[in-house]
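Please go over the structures that come below.
Here subunit A shows up in two complexes: once beside subunit B, once beside subunit C.
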Partner chain A sequence: MESIIQIEKLTKRFPVGTGEFTALKDINLAFGKGEFTGFVGPSGSGKTTLLNIIGSLDTPTEGEVTVLGHSIAHLTHRQSAKLRNQHLGFIFQTYNLFPVYTVYENVEFALLLQQMPAAERRKAVLDALEWVGLTDKAHSRPAQLSGGEGQRVAIARAMVKRPAIMLADEPTANLDSKNSHHILQTMAQLNKELKTTFLFATHDEKVMAYLRRIISLEDGRVVKDEAMTPQRQPGV
Partner chain B sequence: MIRFLFKGIIRDKNRSLLPVLVISIGVFLTVLGSCWFKGIFSDMIDVNANFSTGHVKIMSRAYADNAGQMPNDLALSEAGQLVEELQTAYPGLEWVQRIHFGGLLDVPDEAGETRGQGMATGWGIDFFSPGTQEPQRMNIPGSIVKGALPARPGEALISHEFAERFGIGIGDTVTLFGSTMYGGMAFANFTVAGAVRFGMRALDRGAIIIDITDAQAALDMADAAGEILGFFRDGRYDGARALQLKTDFNARYESETDEFAPLMLRLNDQNGLEDYLALSESISGIMIFIFVLAMSIVLWNTGLLGGLRRYNEFGIRLAMGEEKKHIYRTLIIESVLIGAIGSVVGTALGLAAALPLQEYGLSFGSAVQGGGIMMPEVFRTRVGPEAFYIGFIPGLVSMVLGNALSGIGIYRRRTAVLFKELSV
Partner chain C sequence: MLAIKLAFKNIIGAGFRTFLNIAVLSFAFVVIIWHNGVIDGWNKQARRDTIEWEIGRGQLWHPTFDPLDFLSYQDAHAPLSETVQALVEEGQLTPILIAQASAFPQGRMQGVILKGIDPGQKILKIPSGLLEARNGQIPALIGSRMADDIRMKEGDQLLIRWRDKNGTFDALEVIIAGVFDCNVPTIDGGQIWLPLESLRQMLNMPGEATLLVAGENYTGGDAEPWVFRSQDYLLADLDLIIQSKKGGGAIIYGLLLVIALLAIFDTQVLSIFRRQKEIGTYIALGMTRWQVVGIFTVEGSVYSILAILLGALYGAPLLWYTAKVGWALPAASTDMGISIAERIYPVYGAGLIAATIVLVVLASTIVSFLPARKIARLNPTDALKGKIQ
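Now for the complex of A and B:
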């Protein structure tokens, strides 16, 4: 299978005081289209750092990270913004919705940035809200939503532009079991229908139950990379 | 996108309320202040023009050199002829003769003995020619406290304060003592037709106003006038036009050798008004500068606080692929929108305060006493066309400047650093 993300000899060091802290060490990985994969490991093992580099929010110290043919280390600010805007979707532990805008407007924002024509935009927003089952909440404000609904809006906002890759950092950490399964179902469904690649950073067993590949990190190193037969599937 | 930002501003009171408040207040003060200063300056200029300097004034060179002493021995002779020439040569102005004189007013009792005496400043103005504007120009009808305008030669107006002090009633006789054009002693009796109060210290202490022909007769100034004043027919002083006129007139009439030859001066050239005119031109600019400076600093800080509050939002927007430059630009657009709202509110409030003050004015009583310059006691605002837009300059500039400064931090930092800081 052709890979859309290649990571070769990636090392990431952060300056700490007078010295340096190595957060990622000699990582070599590749990901194909349509994967549903998670980085797992204890807190501080480097999951978020790795996700941020793949998402071009941060740059490698050494090594080469190529996303959809773009070398992350060599992108200008403008090019990396464009890559994120067109091809990458992010979901975070806290939903980070814009509090002053309605659900509809939150989802619409990404498309406004792309200057999509109004009619097309409207259809895309309504489609995205339907994927996450929040059509009837279109005009609510984030403060009026439950935690599960908030995270579903965040998924719709990230998915509305139909990115090739979704990066989800601890997406269930703030949700109860029922809501966690709800959003995981939603994401698994989108992965199946739209062939979007999903990469998770998590230490949540519920998430792991859906993953088809689990990469274990410890102290910034990959210690295990195994294909899984997911215990749970979309619709089940 | 702008519609989107506008919604954000309207809904997020934290983002808009404080800046709108700050801008509204600043703009309100700017609008009111500039109307206020404009009112004061233009009233002052009008008063000076109407009572003293004209828009232009012609005197003999010798008279001009000693104008403070009202030297009627140096008055223009054949003044009637000169006015006719002026009316032909410069029909855009109205030309009037005046005699300004000093003297002693004596108030006799029934027996003819002196009951009281006081120094008086006198004016001889044109009360009786058909279509004369002079009484209106000096706002005499509006200033009459009792009695009426002189209706025939031999009648006079005196200042109300003077009349009160000496118990002078309408129909009483006063005697004016002065000096003739030739240095002799002059005296003449006048019947008091009315008492006036102008609201200006210099005039209200002691003044007598008589018809110019009476003044000419009393002071032995046949066909002579101390001053010929010219007023633009639209009533507005125009410094550039006045300068043209002055250059032209003086080229025709002025004489090196004859100190009695007529000389024209502009309003600017008299009573030290040049400086005031210059100040009146620059005062709005000065005020705008001060308000821009003060409000920018305040808004810079509110912008910094507002920016901190929105770090999370900016972080998400970066992650969504918005460029830093674009985020910065939307901040500026937001500040333009907020600045515009504040400017509209502030301008409306400023006009709401300035318009009644234009109508009714505020009385400062005798607190203000001008030196050579005549100062009205009632200060009024003047709402010109610029009152409607002048507030937008500090309103918009300070908001945009304040936000541009506070946004620089976000703009300068590297994405990775920023994203970490933005604590998503």
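Now for the complex of A and C:
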């Protein structure tokens, strides 16, 4: 299968005090279209750092990371912003919704950046809200939502532009079991229907139950990379 | 467009602090317009009074005449040529003859300036028509300040002493034929207005003048040997004083503006610190750092726009009212050396309002840009973690 993300000899070091801290060391990975994959490992193992580099929010210290044909190390700010806007969707542990906008406006945001025509935009936003089952909350503010609803809005906001890749960093960490399964079901469904590639960073067993590939990190190294038969499937 | 919409939402979402910033800024906005309006109104009134009472459309000066040098008056006079005399008869010019003298009100001696004016002139507002001989005495007109100063009123006698053309002292008693009210100190304080022909005889200068005041219809420029002084030339001192008054006021409202801008600056610094995650999320969603700087900068401009709207809300009726009833000066000071009315009617020109709007918008945009610039150097991953100091 043709890969849409290639990582070769990736090393990431952060300056710490007078020295350096190596957060990722010699990572070699490739991901194909439609994967439903997770980085797992203890806290501090480098999951977020890896996801951020793939998301072009950070750059490699050494090695090459290519996302949809773009070398992350060589993108200008403007180019990486464009890559994120058009092809990457982010989901955060803390949802990161804009508090002063309504649910509808939060979802609409990325499309406004793309300068999508109003009619098309409206349809896309309403579709996305329907996916996550929040059509009736379109005019609520984030503060009026439950945690599960908040994260579903975040999924709608990331999905509305139909990105090729979704990057979800601990998406269930703030949710109870019922809500966790609800959003995982939603994401598995999107993965199945739209062939969107999902990459998770997680140490949540509930997430792992859905994954088809699990990459284990320890101290910034890949220690295991295995294909799984998911225990849970969309709709089950 | 997107940035403006976002900025409005963010600002309105910020609640009380926003209201405070907007209130202070709108206050500064209204005070700036009001203060400049008062000075512009004063300027307008002072220019109008000075033109109507003293300088007309300009003046033709004897070449050696220097209004600030009293000693120059002795020699600064010349007869009118036929052409100039013709213009006088047509009403285009009116001659004024000036001489130094002493007056003796209540037995005190006081230096005065005698000015001869044609009682029939129509160019200046000075009520020269009151200069009619009474009981064979020469009539004199004085302004109300002079009247207070020398404690004289209509019908009183005043002894004056002068030197004629040849330096010979002469003296006589004039009768105060009228006291006029006017805001122009240079035709009032220390001045005694006499009929032109009487002064010419007293000085032994038949047919002569020191200067001629031009009327509306005056077309010529210089007229040998007379040097034409335009309105602008004659109003230069007044303009200078008005400018300095404007500068003085700028300190007061400048301070007010600075307080408002500091409040916005502070709010911006705090808001950038508090909204790190939001900033990181904007970038994750595909904004460039400079677009985010733009959002935060535009928030500052939106403050000013809301402040202007609020200012218009309470300022417009307030300013309109002051323009209508005028503003009574706390102490109409006479020693300012320039025309100043007891009641000033502020003038709020479109230019003044537009300039103030531009100033307020620009200033608040700049103070929100300064802290927002920091975003451009930001690491989005740090912002998402909320790790910026």
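The working rule: the second predicted complex is superposed on the first by the 236 of 236 C-alpha atoms of A that agree within 3 Å, B and C clash if a C-alpha of one lies under 4 Å from a C-alpha of the other, contacts with A are read in each partner's own complex, and residues count from 1 in each chain.
FYI, a residue touches a chain if its C-beta (ideal position, glycine included) is under 8 Å from a C-beta of that chain, and two chains touch if they have at least 3 such contacts.
Since this is a predicted model, take the numbers as computed values, not measurements.
J.: Looking at the overlay on subunit A, is there a clash between subunit B and subunit C, or do the two fit?
T.: Overlaying the two complexes on subunit A (C-alpha atoms) leaves subunit C and subunit B clashing.
J.: Does the superposition put A:Phe98 against subunit B (first), subunit C (second), both, or neither?
T.: both
J.: Contact-wise, after the overlay, does A:Gly55 reach subunit B, subunit C, both or neither (first, second, both, neither)?
T.: Once the two structures are laid over each other on A, A:Gly55 reaches both partners.
J.: Is A:Thr202 touching the first partner subunit B, the second partner subunit C, both, or neither of them?
T.: A:Thr202 sits against neither subunit B nor subunit C.
J.: Examine A:Ser180 and indicate which partner it touches, taking first as subunit B and second as subunit C; both and neither are also allowed.
T.: neither
J.: Which of the two partners, first being subunit B and second being subunit C, lies in contact with A:Phe90: first, second, both, or neither?
T.: both
J.: Please work out whether A:Ala81 is in contact with subunit B alone, subunit C alone, both, or neither, and reply first, second, both or neither.
T.: A:Ala81: touches subunit B and subunit C.
J.: Enumerate the residues of subunit A that count as touching subunit B in its complex and touching subunit C in the other.
T.: On subunit A, the residues that contact subunit B in one structure and subunit C in the other are 52, 55, 57-58, 77-78, 81-86, 90, 92, 94, 96, 98-101, 105, 109-110, 112-113, 157.
J.: Subunit B touches which residues of subunit A in the complex?
T.: Listed in rising order, the residues of subunit A that touch subunit B are 52, 55, 57-59, 77-78, 80-86, 88, 90, 92, 94, 96, 98-101, 105, 109-110, 112-113, 157.
J.: In the complex formed with subunit A, which residues of subunit C make contact?
T.: Of all residues in subunit C, those touching subunit A are 2, 9-10, 12-13, 277-278, 280-281, 283-291, 379-381, 384.
J.: How about subunit A: which of its residues touch subunit C in the complex?
T.: Within the complex, subunit A touches subunit C at residues 52, 55, 57-58, 77-78, 81-86, 90, 92, 94, 96, 98-101, 105, 109-110, 112-114, 157.
J.: Which subunit B residues qualify as touching subunit A in the complex?
T.: So the residues of subunit B touching subunit A come out as 1, 4, 7-8, 11-12, 15, 312-313, 315-316, 318-324, 326, 415-416, 419, 424.
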